[in-house]
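Have a look at the structure that comes next, please.
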Amino acid sequence: MTAAATVALLQVKNLQKYYGSTHVLKGMDLEIKTGELVSIIGPSGSGKSTFLRCCNRMEDASSGAVLVEGQDIYASGSNLNHLRERVGMVFQAFNLYPHLDVLNNVTLALRQVKKLGRAQSEVVAMEALKRVGMDHKARSRPGQLSGGQQQRVGIARSIALQPALVLFDEPTSALDPEMVGGVLEVMRELREDGMTMVVVTHEMGFAKAASDRVVFMDGGVIVEQGTPTQVFDSPSQPRTAAFIAGIGSRTV
Amino acid sequence: MQLEQLIFTFFNGEVAVRYLPQILKGAVVTVELGLVIIAAGLALGLLLAYLRSLPSRALRLLITIWVDILRALPPLVLIILFYYALPFLGVSLSAFAATWLALTLVLAAFSEEVFWAGIESQPRGVMEAARSTGLTHTQAMAHVILPQACRLMIAPLTNRVIAITKGTAYGSVAALNEILNEATSASSFAGNPTPLMMGAVGYLVIFLPVVIAGRTIERRHGAGRH
Amino acid sequence: MDLIVQYFFNLEVLKEVTPYVLAGLWTSLKISAWVIPLGLLSGLLVAMAGFLVRNRLVRALLVVYIDLFRAFPPLVLLIFLYTGLPYLGVELSPMGCVALGFMLNNSSYFGEIFRAGLESVSRGQHEAARSTGLTRFQSLIHVEIPQAVRNVFPDLVSNMIEVVKLTTIASVVSVPDMLYAARTAQSMLYNPTPIVLAAAIYLALLWPLVMLLNHLETRQRRPSAGAA
């Protein structure tokens, strides 16, 4: 448990989302404190990814408020691009730029958004790549890397901007099983360094071992949240218990 | 230029009525020509693609050379060759025939490439399966491979067909009495560009629906390549 | 057979007309050198506008623009401008009409190609770029357009070849391109050898490009292992 400040980095208040007439998010309330790693688990279709993407406005909520560092990102006139300097995202499909090498994948935003010079952006990028263990592949193309390596570069691309918060959207779901461990290891190390992280995941082992808090979502609402021990070992809600029991019978 | 003047010049009702029959005759020629080009060009292209699938190396080489040449030559040059040069050899083609022949050969060349792409894009296994049930090469091509190739290639084909049939306007250079020719001669006769405007509208009436239909087809069947 | 040589490959005539036809070739090349870059640029701008502009009216107008100039035969457009503009009091040289006509036509054809190219880039690329704070414009320039061009490169080359072939319509409005030179020579000497010469030059110029195009198209259909 990190002895972090009690400042809420991310506050979500009554977030609602409709796709047409389908009510996908039915009033979500959540607070993420600086330095926390919060895992969001739940069955498919529960709205986990949608919720995450509403937090950096990759998708827009229908109503409700999301405050990042105290500012409502849905207020009119809020700058999306500034928001994304503070809130990074790691994608299930990695989404590396295939026409750029690894280093340029990371430096692109540093140059264009942070306005760093080429030399300085490369220094910052190499540091980020080193943190994820991919500095030796700086000149490789994404197509030459394995899935796990690509995802690590994806993480570097996000953390190079030194965001306050990084959102992970099922970061290991598209990986072959033998590569999952490597990426989770990187994520654990980031947490040790004090990075604030929200992770939507199916990796229950990771959720249990590495999170400060676990949030169980189902049907567009937060059913239960608490420490890993609370949620996994003694859930208070029957739906939570059913979900945990169901996945418990599968190998993690 | 004021609106009244503009209308008097380009949308002159009197002139329009006087020359409408002439423009319409030209439109008929344009449409007829377009249709026979499409029919003959696609048929020839399909035939060439089939011939290319036969095991003769010489035939394949001949076809690829022939097709490449027709893809490299400007259609206008071909039309001029057929209409103005052939008579020197004693071969006199009408303006319609010369335009039709040139554009048909060009469409055949481009559509052969498209059909061939459609044939090649199918996995080997499909042909093998067909042959394994006793079908001859020709039967397999006719009943299995070519129909599927046609379906796959509708989108890129539509584009090509539109581009080439617009070339019917080139026939005006061979004094063919299609829309452009009728429109320009009517305009100079009347000293007023309204017939030209009518011609332009005529082309749009013919080709705009085709372009829009083409886009719908592309959307539905995917843009071919990626 | 003799007839063919006499009228299609007449050496005497060739000696006389070759310099003239080559001068026309130079003009044709100059025309191409102008209209192709202009067409590519305007097409790219049209495609970018389609992606960046959210105003419904402007988007609708763009679609109308593109469809209009894809449906309009280029020769008709050229004649229309050449004959019609003077009535509007606009004095545009034949070359000017050619340039304008080609730009209108090319911007819509290249615009369509670039648009298809941009659509072929997966949404995830755009999201990744935006997620690191890049603006829509920056994402287009640095991430999406480079990939779009790669994806539709054969289509771009194919259309560029078409544009070179299309320059022959300039001859109809008396711009002294290669076809115009050949036709004038033919009517003066009453021998179609100049036209055969022009055809042969077009062949020599464009056949290699067609073969390159074949190679590009085949490579795109069956990407070899290792091509990232």
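Note that the chains are named A, B and C in the order they appear, and that numbering of residues resets to 1 at the start of each chain.
The definition used in the following text is that contacts are C-beta pairs under 8 Å (C-beta built on N, C-alpha and C of every residue); 3 or more make two chains touch, one makes a residue touch a chain.
Keep in mind that what you see is a predicted model, and the values were worked out from it rather than measured.
If the chains shown are joined wherever they touch, the resulting network is a simple chain of contacts running from one end to the other without closing.
Counted by C-beta pairs in contact, the busier of B-C and A-C is B-C.
Chain C has the C-alpha centroid lying closest to the overall centroid of all protein C-alpha atoms shown.
Among the remaining chains, the Cα-based centre furthest from that of subunit C is the centre of A. Inter-chain centre distance (subunit A to subunit B, centres taken as mean C-alpha positions): 54 Å. For the pair subunit B and subunit C, the distance between C-alpha centroids works out to 18 Å. Between subunit A and subunit C, the centres computed from C-alpha atoms are 47 Å apart.
Note for the complex: subunit C touches subunit A at residues 122, 124-125, 127-135, 138, 142-143, 146-147, 150, 227-228.
Within the complex, the subunit B residues that touch subunit C are 1, 6, 9-10, 68-69, 71-78, 80-81, 84-85, 88-90, 117, 120-121, 162-163, 166-170, 172-173, 179-180, 184, 187, 193, 196-197, 199-200, 203-204, 207-208, 210-212, 215, 223, 225-226.
The part of subunit C that touches subunit B in the complex is made up of residues 3-4, 7-8, 67-68, 70-76, 79-80, 83-84, 87-89, 116, 120, 151, 154-155, 161-162, 165-169, 171-172, 179, 183, 186, 191-192, 195-196, 198-199, 202-203, 205-207, 209-211, 214, 217, 220-221.
Residues 56, 58, 80-85, 88-89, 91, 93, 95-99, 108-109, 112-113, 141-144, 154, 157-158, 161 of subunit A touch subunit C in their complex.
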